[in-house]
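Look at the two complexes coming up: subunit A is in both, with subunit B in one and subunit C in the other.
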Partner chain A sequence: MFLEILVYGGVASAIYAMLAIGLTLIVGLARVFNMAHGAFYMLGAYGVFSASQLLNLPLGVAVGLSLLVVALIALMVERICLRPLKGSLEGTLFITLILALFFEEIIHLAFGPAARATPAFLSGRVVLGGTTVPAQRMLVVLVSIVIILGLWVFISKTKIGGAILSVSQDQESASLMGINAKKMIVLVNGIAACLAALAGILVAPFLSSSPTMWVMPLIKSFTIVILGGLGSVIGSIMAALILGYSETLVAFLISPRISELVTLIILFLVIVLRPAGLMGSKTEA
Partner chain B sequence: MLAAIVIAILFAIPGLIKDPYIWGILVLANIYAGFGVSFDLLFGYTGLAVLGFGLFVGIGAYAAAFLNIYLGMPPFLTMPIGGLIGALFGLLIGIPCLRLRGLYLALASFAAAAICEKLVIVFNDVTYGREGLSGLDPISFGSYTNYYTSLILLMVSMGVLLVIVKSRIGLILKSICDDEPAAQAVGLNTNRYKLITFLISSFMGGFWGSFLAHYMMHVGPGVFGLHMAITIFMVTIVGGVGTIIGPVGGAYLLIIMNELLRGIGEIRLLIYAVITIVIYLLLPHGIVRPLIALIMWCIQKMMNVFGIGHRGFKSNGLSDNQRSV
Partner chain C sequence: MKRMKKLHRFPVLVAICIGIGLVLSGMVSSELQAAEDVFKIGVVTSFKMECGTATLKAAEMAAEEINSQGGILGRQIKIFSGNSESDPEKGIMALKRLVEKDKVHVLLGGASSGVVLAQMDYLKHYNIIYLAVGPSSPLIAKKVAQNYDKYKYEFRPFVNALDVCKALVGDELSMLVKKGFKKFAILREDAAWNRGLVKYIQGNLPKVGGELVAVVDFDPKTIDFAPVFSKITASKADVAIPIIAHSDTITLYKQWHEMKPPFRMVGINNPGMNAKYWDQTGGACESEVNVTWGVILRAKITPKSIPFFDKYSSKYKEAPHACGSTAYDAVYILANAVERAKSTKTEDLIKSLEDTDYVGSSGRFVFDKKTHDANFGSIEYCPLLVTQWQEGGKFEILLPKEIATSEYQDPPWLK
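Here is the complex of A and B:
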């Protein structure tokens, strides 16, 4: 029981971390609250489903293709909707939410309301101590750790990463130093969408895909971003662990039916009691 | 003047179109218009982006369902009580959310609505979970009376809201929307006014929620959900944010479009979503105001052609409308 909670909580945290890190980066960089973030997760899951099941492409190609498609969609969203709305917080919030509904309707139209299942990328089970875990779930944890480490190296060691950090600290000064802030925002938007899509792709085999699957991941990623402190990557990882493990604990010890309530209650309490989150110092937004 | 003509047309519809089916559709338009105008007071006037507006609708709807099914109360009692319970939740949510704005207010109110939705699903022995409660008493037994009830209630809601927003309170709400610290600096207790807004808006949301429950004779957890909230603010954005009249136009457009596109099938909300985004990007004040301006312009042109004086028309039509926004 203890081991199971440890493993399944880890799997949930890994998914949440991937969902939230991109979002917290773009929030820190451009103060854009993109409610279509959950839709990218859904599009990733449906992308890999249609590429691998309907077009019978090999798995690697299917994953690459769906990431590419989601990245392109994210760039279009940025260009058509987010950029003209710059500065209008409520406008961005509501328009991106309507966009998410738009994607839901498109998926609904293309695949119908029923849930679709993608076969596991890795079959078999992994024996961990006294418990066996499906290999697919361990894959999620592994990929998530690799991606997060890679992202950390990218941001802290490369020139572009430095540029991103400087834009998030002070956009104007960064622009004066010759950094193209707009390009950085576009880049991070793309990275955020790809991370969400990757999370969607990885969970597609064990959480079947349905047109409304974007709602809870969206709320969870915002919960994590706020709990962690807007723009703080470390805070987001901590918050993802808190959320993942508290949900798993409730699911195992009380009932899986109320595990989603945990997120919502955490979200409400954090906003009302400590809007700055764990690592944040700013209370704006 | 124009408003009078529109109201006259709305009241004459059952006489002009003798099709109870159409009346039924228009009742739905009136209900969504009711949600839209209540939401507009919160969002359009006071700038409170309450994403969880479905909370008030859902609380009102479930309150009416419980009172009607378990206690046997008639609709004319359950609807005001539903509104009052909605207002109670408006206070419960409004007080902790007073200092929140923007994303935080949106997410906190959404969380509250979603918590209620999940609770309704969890306590399925009284609420029948996802299935929802069926068999509420209808508003009335004739589609004719249904239509007039909804229309009169909508007129009353709009009237009350228009009186509020044209009074001193409306100005204060606008000032909170534009610059809250400045409003506080001139000595206004902005929290009190925000709470009043929450109270009025949630009462109306709950009231129309109960109306919806009785009209559909069914209530399910979906009323709390994100889709209800998105539909309500799409109606508001399309019609015109901060106009009170606007959401009515938006609701009628949504429902009429829904009907016209019924043949095409499931792409209805898709098209409405696209329309909403395009309207928001191109006409941020919605369609109703430009539409009124266009009609007034046409009338004026026609008056000029026929050589009739146009001053009276201009002053009590267009300018009256501009004063309200």
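Here is the complex of A and C:
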């Protein structure tokens, strides 16, 4: 049981981390609460299903194509819907929520209400200390670790990463230093959408794809971003581990029926007790 | 001079007014005429569920057939639809719109028990009959039996979950016990319709030689079943009994197949009651055993079953859902009741429906006069089928033996 909790908690945390890091980057950089973030996760899952199962493209091509399409959609959303609102909290919240519902309806019309099954990228099972884990789930953990490490290197070691950090700390000062803040926001929107889509692509083989699959991941992503502290990547990773393992512990040790309550309880406690989150300062709240 | 001009205009204005009046009255009377010529059926169901979309498609197909044969008492059937979205409040709104705005004569549909139970309180007020297709809660029948005067408007040409339970324990699970699998664990989605079923299984499983070793509940929104499978594996059950109607079982079976836990899946899986399920799960439903009803596969339940299956499949490019064949039959049951009553008045129709004895595609429909439930569960009426998906995507009937096409097969990893 202990090993099962360790492995399955790790899988859940890895998915949550990929979803939340993109969201926290956008919140930190553009101060936008993008409610369409969960829809990018859904579009990634449906994209790989359509490309691999309906167009019969090789899996690698299907994954690449799905990421590309979602990134393009995210960039269009940024250009057409978000930029004109100039960071208005209510405006961006409202329009991205409408977009998420719009994407849900489009998917519902195109694919119907039933879940769609994407075949596993890796078949077979891995035995870890007596616990058998499907290889696809181990793939999620490995890919997430690689992607998160890669993102960390990109942000902390490259010039563009430095520019992103500067814009997230102070947009005006960054502009005075010659950094094009708009370009950085566009780039981060693209990265965030690709991370969400990749999470959707990786879970599609074992969680399936359905038109409402974006809702719970969105709620969980926001919980993680708030728990981790707005804009904090490290905070989001810590929060993803806390949420992933809390849910798994409750599901395995108490009952799977109440595991979803964990998210709501954590969200409530953070808002009441520590609104700035784990890594946020009090002034940020 | 000005005054003269005005006077000249007066008859012209009167003529225009009379003309408009005549046109309008003509329109109104022709509309009234049209309304008289049409028998309106309001399909109120959840179009977010496959049961709901199948209900509408099959009702439209039946209406087209009946219309091509002259309609009901010479009146053409027209189908209207309202989406309940599986939400009782939206279901009531949709019902009100169909009755008040579209002026439908009869309601058909339901899909979910929670919605139908809420809608039933409005039937007497609107004096309208409701043929419930999709909901299986025993509470629906109980309400009719306990307060007949208020709820007599509801008829269910669909299965009651208690009948499904009887088939589940008496036929499906006893078949497994006979094969040597004696330990069972219930895998139950937390929903209104199946709350009483656990008790029934607990009480009746020992009678067929089985033992209930665990009950694992899960939220219908669950998408990761690893903890659920872990609990069932820990209980050492030979067989898991899913009792599921609203959850995503495509994901459930994909994960079962992917994790290959040491138990079989033999139970009630409503979303799996369609011939597309093999493709929907990518073949992961192989070895799944289910209690089903209606025409979901090409089997001769009655002489009308295969013609219905073929026509529906050809028209909609998909095999019918169980709600499809029962909705199709429901429209014919209604037409049959109207023809016998020679009336469309609600009171006359209730009496006529209570006297129904109609052979449709899903079986022979006879309603219980106290509960208004159709008789499901025996080969003489509407049979319940125990089906299994087998290697290569073959959808086989295991029971009743009169129409069985194959024997039970274990999952490949347990053989």
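Heads up, the rule we're going with is that the second predicted complex is superposed on the first by the 280 of 285 C-alpha atoms of A that agree within 3 Å, B and C clash if a C-alpha of one lies under 4 Å from a C-alpha of the other, contacts with A are read in each partner's own complex, and residues count from 1 in each chain.
The rule is simple: contacts are C-beta pairs under 8 Å (C-beta built on N, C-alpha and C of every residue); 3 or more make two chains touch, one makes a residue touch a chain.
Predicted model, so just to flag it, every value in this text is computed and none were measured.
S.K.: Give one word, clash or fit, describing how subunit B and subunit C relate on subunit A after superposing.
M.R.: Clash - subunit B and subunit C, as placed by superposing on subunit A, overlap.
S.K.: Is A:125 touching anything from subunit B or subunit C once the two structures are fitted on A? First, second, both or neither.
M.R.: second
S.K.: Does the superposition put A:143 against subunit B (first), subunit C (second), both, or neither?
M.R.: Neither subunit B nor subunit C is touched by A:143.
S.K.: Is A:57 in contact with subunit B, with subunit C, with both, or with neither (first, second, both, neither)?
M.R.: In the superposed model, A:57 contacts neither subunit B nor subunit C.
S.K.: Is A:279 touching anything from subunit B or subunit C once the two structures are fitted on A? First, second, both or neither.
M.R.: Touch partners of A:279: none, neither subunit B nor subunit C.
S.K.: Between subunit B and subunit C, whom does A:116 touch in the aligned arrangement: first, second, both, or neither?
M.R.: The answer is second: A:116 touches subunit C but not subunit B.
S.K.: Which partner chains sit in contact with A:260 here, subunit B, subunit C, both or neither? Use first/second/both/neither.
M.R.: Both: A:260 reaches subunit B and subunit C.
S.K.: Hey, which part of subunit B ends up inside subunit C in the overlay, 3-11, 21-29 or 165-173?
M.R.: Among 3-11, 21-29 or 165-173, only one stretch of subunit B overlaps subunit C, namely 21-29.
S.K.: Based on the A-chain superposition described above, do subunit B and subunit C contact any of the same residues on subunit A, and if so which?
M.R.: 108, 257-258, 260
S.K.: Provide the residue numbers of subunit A that touch subunit B in the complex, in ascending order.
M.R.: Those residues of subunit A that touch subunit B are 33, 81, 84-85, 89-91, 93-95, 97-99, 101-102, 105-106, 108-109, 215, 219, 222-223, 226, 257-258, 260-261, 264-265, 267-268, 271-272, 275, 285.
S.K.: Quick one: which bits of subunit C touch subunit A in the complex? Just the residue numbers, please.
M.R.: 47-50, 53, 190, 216-219, 221-228, 230-231, 234, 248, 250-251, 254-255, 258-260, 271, 276, 280-282, 284
S.K.: What residues on subunit A touch subunit C, complex-wise?
M.R.: 1, 4, 8, 12, 108, 112-120, 125, 132, 134, 136, 205-208, 210, 213, 216, 248, 251-252, 255-260
S.K.: Which stretch or stretches of subunit B touch subunit A in the complex?
M.R.: Residues of subunit B touching subunit A: 43, 47, 49, 51, 96-97, 100, 102-104, 106-108, 110-112, 114-115, 118-119, 121-122, 226-227, 230, 233-234, 237, 266-267, 269-270, 273-274, 276-277, 280-281, 284.
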